[in-house]
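Labels for the chains are A, B, C and D, by order of writing; each one numbers its residues from 1.
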Amino acid sequence: MRKDLVWLFGGVLFFGLLYLLNWGVKAISTDLLVWIGAFLSLAILSFLYQDNPFYKFAEHLFVGVSAAYWMCMGFWNTLVPNLIAKLHPPIVKGVLPAIAEKPPEYWYIIPAALGIMFLMRLSPKAPWISRWALAFIVGTTTGLNLVRYLRSDFVGQIKSTLIPVIVVENGSLSVGGSFSNIVIVLGVLCGLIYFFFSKEHKGIFGVASRVGIYILMITFGASFGYTVMARISLLVGRMQFLFGDWMGLLQ
Amino acid sequence: MNPDKPKMGFFETIANIDRRVIFLFVGFAVIIPVLLSFSCREEATPIVQSIFDKIESLPEGSKVLMSFDYGPSTVPEVQPMVDAFLRHCCEKNLKIYMMALWGTGHNLISESMEDIIKEEFPHKVYGLDYVNLGFKAGQQGLINVILTDLKKMYTTDALGSEIDAVPMMVDIRNLKSFDLILSMGGGFPGIKEWVLFGGDPGNIPVAGGATAVSAPLLYPYYPRQLLGLLGGIKGAAEYESALIKGYPKFKTYSHPGIDMMGPQTVAHIVIVLFIVIGNITFFMGRKKEEEEKREGGALK
Amino acid sequence: MKTFSYSFIFYCLLGLILLATTDGLAQVESSDSLLSPLLPPSEVIAEDHPGDAGGAIIVRWKLSPDEDKGITGYEILRSASPTAEFSSVGFAATGANRYVDANTEDSLTYYYKVVAIDADRNASESEISPPVRSSPQWFNFHLLNLLIIGGLICGAVIYFIAHAKKGKKFFLRKIAGLEAVDEAIGRATEMGRPILFIPGILDMDDVQTIAGITILGRVAKTIAQYETKLNVPTSRSIVMSTAMETVKEAYISAGRADAYSDDFVHYVTDEQFGYVAAVDGIMVREKPATCFYIGAFFAESLIMAETGNSIGAIQIAGTAMPAQLPFFVAACDYTLIGEELFAASAYLSGEPKQLGSLKGQDVGKIIAMLAIVIGALLETFFAISGSSFFGSLAELVHKLFSIVAS
Amino acid sequence: MRRQIPLIITFIVGSVLIISVFIPHKPFGQLGENFSVYFDIIAVFAFILGAGNLLRVHGNRIYRKHKDWPYSVVTVAGFTVMMIAGLFKIGGSPGITGDLTEPGSMFEELYMYVFTPLMATMFALLAFFVASASHRAFRAKNKEATVLLLAAFVILLGRTPFGVKLTSWLPDPLSFLEIPNLASWIMSVPNMAGQRAIMVGIALGVIAMALRVILGVERTYLGADSE
């Protein structure tokens, strides 16, 4: 008998026994589903110590269940309403009665054809056809993203940086405001200089590029620090589940 | 220098600490406060206190519009804020008008009504003290319309009653009829839209609560366009504290924000301590290294 | 005492005004109920909304002269004929002189009226607008600035690609993360351990994934020359399929078709955290000597990078997700930051054509920097001097960089 | 020729989509929206490849008695059960008429009690990793690391009551030095400047990369052309 499986089955048995013994005795949950949730949560947490049979079990279960989950979602929420129902509405009468009355939209043949082309990879004779579908996907992705990024990240971000470096508020100089704006404008400029590829980072250019690195480091440090608390709250939620919903130790 | 394997000094041991020790500390830092229901006293920061003070200052019968602009995924963060706002408004005998710019907000209004108003303030009467206007599509366009004429969009309340048959709706004409707008959410449409399309053009005070992730994007509006803001669980906890301070009876009520904050704060402090210790040991280690180097150099 | 007298005069005046107005109201009501006390908005013009796919009409009007006298907004009425009944299509706030009716049929002709409304629900209708039809356009002039800026950048990129083709060489700075790729692969070979490559968790409809896959192609070519196992778990079926083709091609072009195996690339699950759980499992069991994380990442970035760190792997990351960069910077040995991710495949290819495009990117940066410097200076001059000359210039730069939502 | 056709497709599709942004007229204006629908449909077709690969990998492990083969059985079993529960909508409304995620259906129960706890706990591991990463990375090793450390430290302190107390004694004119104020200044000024520089750079990177792909200069993604 394999040692890891002995551990795994032993653990599951122990857990099951606990479940049966505590049935209605203490504040601990009597709901089998909660117990399953608790077991799986503990199995994942055990990875923090080291890899072990419980984690392996949970991980492999997670992969199988979640892969099937998204495939079912894709089938029922995309393929059925957005393809089958468009090409031949009556077929979805039982599932989507509202759509079944609509006239068919035949241009949905195009994605269907592309999908089948993509599957031609499996064909022994013409696997190269799948590359046409891929070329279509890559062409659209690049085309769409080129304009999207140009618009919101390039033009949009530059626009927000068109600010006065000397701020006058109610007729008098605002030192704080001016300082902040100077930092923003210089920060963006130096940050961009850091990314320059085709000029050696030397002299004044090198100094600016150093400042750019510092600005990036502040950005990274600040964003990191800001996220820490949000991450901890996820763990608090899990602990509240384990100690509250499952063990019944919290009011 | 030393032919034998150098013995790890105290500082090296700490500097190269097994990360599982850190995990253990973080684990305890969360588990112990959770078990003991430990909570820190949260002091309301000015950005939170200003909302509390505003609601405090409103005379009885003032009209507060609450917009539920969030969905189930952000309920853990946003619901504590909603509950705190609702309790405060009920306690102050303000009239509460609830609406939603998000489709998902509709159910959340009903749930909040059941859980807070009906449960904790059973003497409040629907239609006199609070009303559910439900969800209407239109996003910022909706705000734009109700800025001038609210009843054009809301011909009935969410339960289907004629809008003018609801007593508290009779003297409502548009957004300007309200004394305060509270938007709870963080995404789009949300607080930002309320500020730009409602508060600014109508000159109506807008405040609200947002998720921790989206709060920084709203800071630029405070305090000129945005009266105040609760950012994430911390904001909710601060408001709950302010509420308890003002009305000690709320101490016995649920306060999920404060409950969540205790463990978070302890864990945060543990992490900060680890960073400090990490740096001290790093410098001590380096100092020692330099000394050894110097000695080594002298020997040559 | 003084204040008292002032307020006395004030209230007297107020009373007079009130008297006058109520008197006026009474008169109107008694004489003719059709005549409202409000003056209507005038010069109502409706025209097709420019630069759209049809289905929208802009209505413009001149504000009612009574704008300050309690008008609470304007209602926009529409009809298919000047004689038929008009129905409401929407409202505009006080002070607004323009409304977009985004719900029109291109085949129909419309007539518009604008009604001023005050707080007492008095209404005053404008004249009927001339007839108008909505129609789709072939060019969106609102996006002209985008076309100009985009054209400049794309032109620069294409120019330098063509320039480099002719064999013109130019300086390129080093990127530490890319310098380390060969070393990292060599180390894995020495240690006899596999190399893990994570192409992000998004699908092929994200450019970062395409960048990740092209870098995978380059890296795989180097790996093919060693006897090192490559492991590419993917979280998307299309990415799996594309990565397989890419790696296969890399091995073939390196002359090592025999060393290629279909097992290098495998699908795990579309679920973000299921994928991470599996990747973590692979890391602690196979102990890869080198981990690449190149593509689009979310919260899982740190889970993977920390696990990779704990097994002592050399880690090279690259992403254009600003929110995840800090975690990679903190936990990995090298990180390609944003733009460097997209430049990496060109760097690694070493082809002059590809490298030329990097110089084009730099021209884009110069454009951005010039715009910021000029814009900020103009804004500053305007703020100090208040001169309308600088004001209008600053406005112009602003306009060049503002994108109207279409 | 076989090599050329995909390049031509990419070129045509890519350029048409770029141009279409400026042409609101039908059918160009809608192309971008339609694509995401197309893409989702193709992705569902591709699931067949993904599922096939997953089952092949784990099937092989079981067949070859790989070290961890019993766990592969778990994956295959989990996948099969979930797939059957979802495709045939077991336990919900009669037949397949109900909603996929209908309360009480097997698919929904599996999601609630197996999928969700696994996902939430995996996500919660971040709390631990954030701590170990900051312990290791936030050290003043050199100037850059010091700047990183200081920024992170001020923000971290600003979010604890202790940090707030630490500087609350500062007199009014110096109130901008109080840690919470300093933290929000860092977030909204230097942090924002850095984010902007990164975003502008990313935009340029995407544009150049997209052009290389559309023009066929970059063709690695197309894979093998030996046949």
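Keep this in mind: contacts are C-beta pairs under 8 Å (C-beta built on N, C-alpha and C of every residue); 3 or more make two chains touch, one makes a residue touch a chain.
Model, not experiment: these values are computed from the prediction.
Asker: B-D versus A-B: which interface comes out with more C-beta contact pairs?
Answerer: B-D
Asker: Which chain has its C-alpha centre farthest away from the C-alpha centre of chain D?
Answerer: B
Asker: Whole-Å distance, chain A centre to chain B centre, using C-alpha means?
Answerer: Chain centroid spacing, chain A to chain B, equals 23 Å.
Asker: Suppose each chain is reduced to the average of its Cα coordinates; what separation in Å results between chain A and chain C?
Answerer: The answer is 19 Å.
Asker: So what's the Cα centroid distance for chain B and chain C, whole Å?
Answerer: 27
Asker: Multi-chain contacts in chain B: which residues touch at least two other chains?
Answerer: If we look for residues of chain B contacting two or more partner chains, we find 19, 23, 26-27, 30, 216, 234, 267-268, 271.
Asker: Touching two or more other chains, which residues of chain C qualify?
Answerer: Counting only residues that touch two or more other chains, chain C contributes 146, 150, 153-154, 205, 207, 210, 238, 241-242, 245, 267-271, 273-274, 277, 285, 306, 322, 325, 327, 329-330, 337-340, 343, 358, 361, 364-365, 368.
Asker: What are the residues of chain D that contact at least two other chains?
Answerer: 21, 35, 39, 42-43, 46-51, 54, 68, 115, 118-119, 122-123, 125-128, 130, 132, 134, 136, 138, 148-149, 152-153, 156, 159, 187-188, 195, 198-202, 204, 206-207, 209-211, 213, 221-223
Asker: Touching residues of chain C toward chain D in the complex: what are they?
Answerer: Counting only chain C, the residues touching chain D are 51-54, 136-140, 143, 146-147, 150, 153-154, 157-158, 161, 203, 205, 207, 210-211, 213-214, 217-218, 236-238, 240-242, 244-246, 248-250, 252, 257, 263, 266-271, 273-274, 276-277, 285, 299, 302-303, 305-307, 309, 320, 322, 325, 327, 329-331, 337-343, 345-346, 349, 351, 353-354, 357-358, 360-361, 364-365, 368, 406.
Asker: Could you list, by residue number, the parts of chain D that touch chain C in their complex?
Answerer: Residue positions touching the partner: 21-26, 29-30, 35-36, 39, 42-43, 46-51, 53-54, 57, 68, 115, 118-119, 122-123, 125-126, 129-130, 132-134, 136-138, 148, 195, 198-202, 204-213, 215, 217-218, 220-226.
Asker: Show me the residue ranges of chain A that touch chain B in the complex, using the header's touch definition.
Answerer: Residue list for chain A touching chain B: 48-49, 226, 228-230, 232-233, 235-237, 239-240, 243, 249-251.
Asker: Using the touch definition up top, name the residues of chain B that touch chain A in the complex.
Answerer: That would be residues 20, 23, 26-27, 30-31, 34-35, 37, 76-77, 212-213, 216, 232-234, 260, 263-264, 267-268, 271 of chain B.
Asker: For chain A, which residues are in contact with chain D within the complex?
Answerer: That would be residues 2, 5, 33-34, 36-38, 40-41, 44-45, 47-48, 56-79, 82-83, 94-95, 108, 110-112, 114-116, 118-119, 121-122, 127-128, 131-140, 142-147, 149-150, 153-154, 157-158, 160-161, 176, 180, 183-188, 190-192, 194-195, 212-229, 231-232, 234-235, 237-238, 241 of chain A.
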